[in-house]
């Protein structure tokens, strides 16, 4: 029996198709199961502990129509955006400033790294003490939480460029300013974007947690306030909206990431 | 005249060339440290202790609180919450990809839920957990556990996926069965990744415990921070903050030491396992 | 005592899975037939990319075949169905692969003992045997080193004795000395022959180096390029024990070399 006559000849049948459908079906099934579990949990645990899902979604509709939900969401997003802008600004500017002073950079680097170890949320009571009970302490919180990943990423991105920059400038010899602008920018984008994927959602969640501790509006305030009033449905509403918000931001960023950086070979499967 | 004098010179110069930059950089860092302390001291004198406790004041109070056991009591509670929560979250998270190793369909089904869980703000659940478990340690442990779970899950998943098929083949040829492969190949190969997950999750565990305590608690470092702040006791706030930072620092150190010992077989430059932050 | 050959390859063929929507992929190996006697040292020469590794993978039952048969001790091995593959044929076939495939998290000694551990044969006697092998290839003193602390040559040697330690009757070797410098290679060739002399196992040794094939083997097969089949078979008439360092001066060597060289095209 030679291989020419062999009936063992193969082109593997593609099992891919049925697998793909099984996965999709499984996901839908699991989602339904979770919602049913939620409903069941509400029955068993009672409305003080677990709000009924239908009541929660009903309340979401009501509160959207009467504007409270929109108001709180707006307050949170507004603060998150401002805080993000501040943190992002300094996070981008500082590395560029430090770039000119390598000795200073080397000297302060360990302290910057050490300061990462302090949980920034723990500083909120201090910020309240210093800056009052309005937006300021929350802006500081968000600003700091956004600053760190952006700063580290831009810093690493610039450092990554400088060596190549020297070689490129030597070879090309054209307007160094233009080249450096383009080379630095292109080298920075993946670092910056990776940090963005961390910082943007973080800005929103930090705002919400800040609102747990201080303030009188916003999604975080809504959640904590509901808790103190034993309004479990309100707590669930706030959590659902907050989670949905952050997940949407994540999804949008991932989508943009795929479009913008489609050509890049780098792959980061370790996310922070 | 290339004489012995010249050579001695070069010797000292060589040594100087090695030590010089290192000393200079440590010297620089020391200078910066002193400058930072000077600024701190100046600010506390200028603005007054309402706003900023002086470094000396903080150090004095810190020692006081440690000696009378007060600080240690709160710190150990926070630490307990962090550790217990970490263990409860990390163990299932590390085990799950392992157990599902041969069920890629289940892993695929779970994936969007895991990604969602990872991306969702777990800390926003703090009030819910306080509602459920009260203001005791259970709510903090739950919060830490759920935060740590998703982080470690993805690290462990990456570790399982990084399996070298050639090593598995080698093992099979010498007679390993499925259990042997899992025990001798899959698991040791995944450990570096799992440890990276531990390293990333550790500060989140301490931070999570503190934050939950900030919101509602009657013990712990977060409680201490909140209490001091409400009493306008800035020095007390600083003391608690320093204690928190110290715990994180020690936590980092511990993870690093354990990792270095556990992974002493690793070649020096394992680029893919350097966490970004 | 012309016994049944230990291993028979009959009309073996291999082509990789055809991708959907493309032309059927070419045969890597087609209609390959040869046999191996018990205790024989068979070398196989082929240019790079001629499917040598694929052939060994099939014999070791790591890979399926697309056609033909493999018989071990007169029994057909199940090579068509991925699920029924029995890698290593229950530890009867050892395989020294091209990459050393040492487990990075085990020391040299632990790596060498690994097959014994999974086979449940670890005891004082086998441990002593492992130690002897470690000394035999010059790795004494490096038992507690991790693979990343060893040189490429040392890792190769460790992977070699890892297969030898559990004494499989048949050993496949895939260009084991290819990436080493000439000195180390010659040393290891001598070590291999010396160890082989003690046990007289059946060895199938694949290489692209004609001189090595002649120096080591009782018999040499020459493979063509893809689709690979036997281009020639040569019995090496140089008597044993052989002197590796002076092998090229042996009268039969030059003629064999020329003949084989002509076939390797």
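A, B and C label the chains in the order they appear, each numbered from 1.
Please note the rule applied: a residue touches a chain if its C-beta (ideal position, glycine included) is under 8 Å from a C-beta of that chain, and two chains touch if they have at least 3 such contacts.
In this text, all values refer to a predicted model and were calculated from it rather than measured experimentally.
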item	value
Most remote chain, CA-based centroid, reference being subunit A	C
Centre-most chain, if every chain is reduced to its averaged C-alpha atoms	B
CA centroid of subunit B to CA centroid of subunit C, Å	48
Inter-chain centre distance, subunit A versus subunit B - centres from mean C-alpha coordinates, in Å	20
Between subunit A and subunit C, centroid-to-centroid distance (C-alpha), Å	53
Multi-partner residues of subunit C (each touching 2 or more other chains)	none
Subunit B contact footprint on subunit C (complex, rising order)	60, 62, 87-88, 90-91, 93-95, 97, 99, 101, 103-107, 114-115, 117-119, 146-148, 162-163, 166
In the complex with subunit C, residue positions of subunit B that touch it	166-167, 169-177, 180, 184-185, 188-189, 191, 264-268
Of subunit B, residues touching subunit A in the complex	25, 28-29, 31-33, 36, 51, 105-106, 108-110, 112-113, 116, 118-121, 123-128, 130-132, 154-155, 158, 196, 200, 203, 206-207, 210-211, 214-215, 221-222, 225-226, 228-230, 232, 234, 237, 240-241, 244-245, 248-249, 252, 272, 275-277
List of subunit A residues in touch with subunit B within their complex	19, 22-23, 26-27, 30-31, 34, 49, 103, 106-108, 110-111, 114, 116-119, 121-126, 128-130, 148-149, 152-153, 156, 194, 201, 204-205, 208-209, 212-213, 220, 223-224, 226-227, 230, 232, 235-236, 238-239, 242-243, 246-247, 250, 269-272
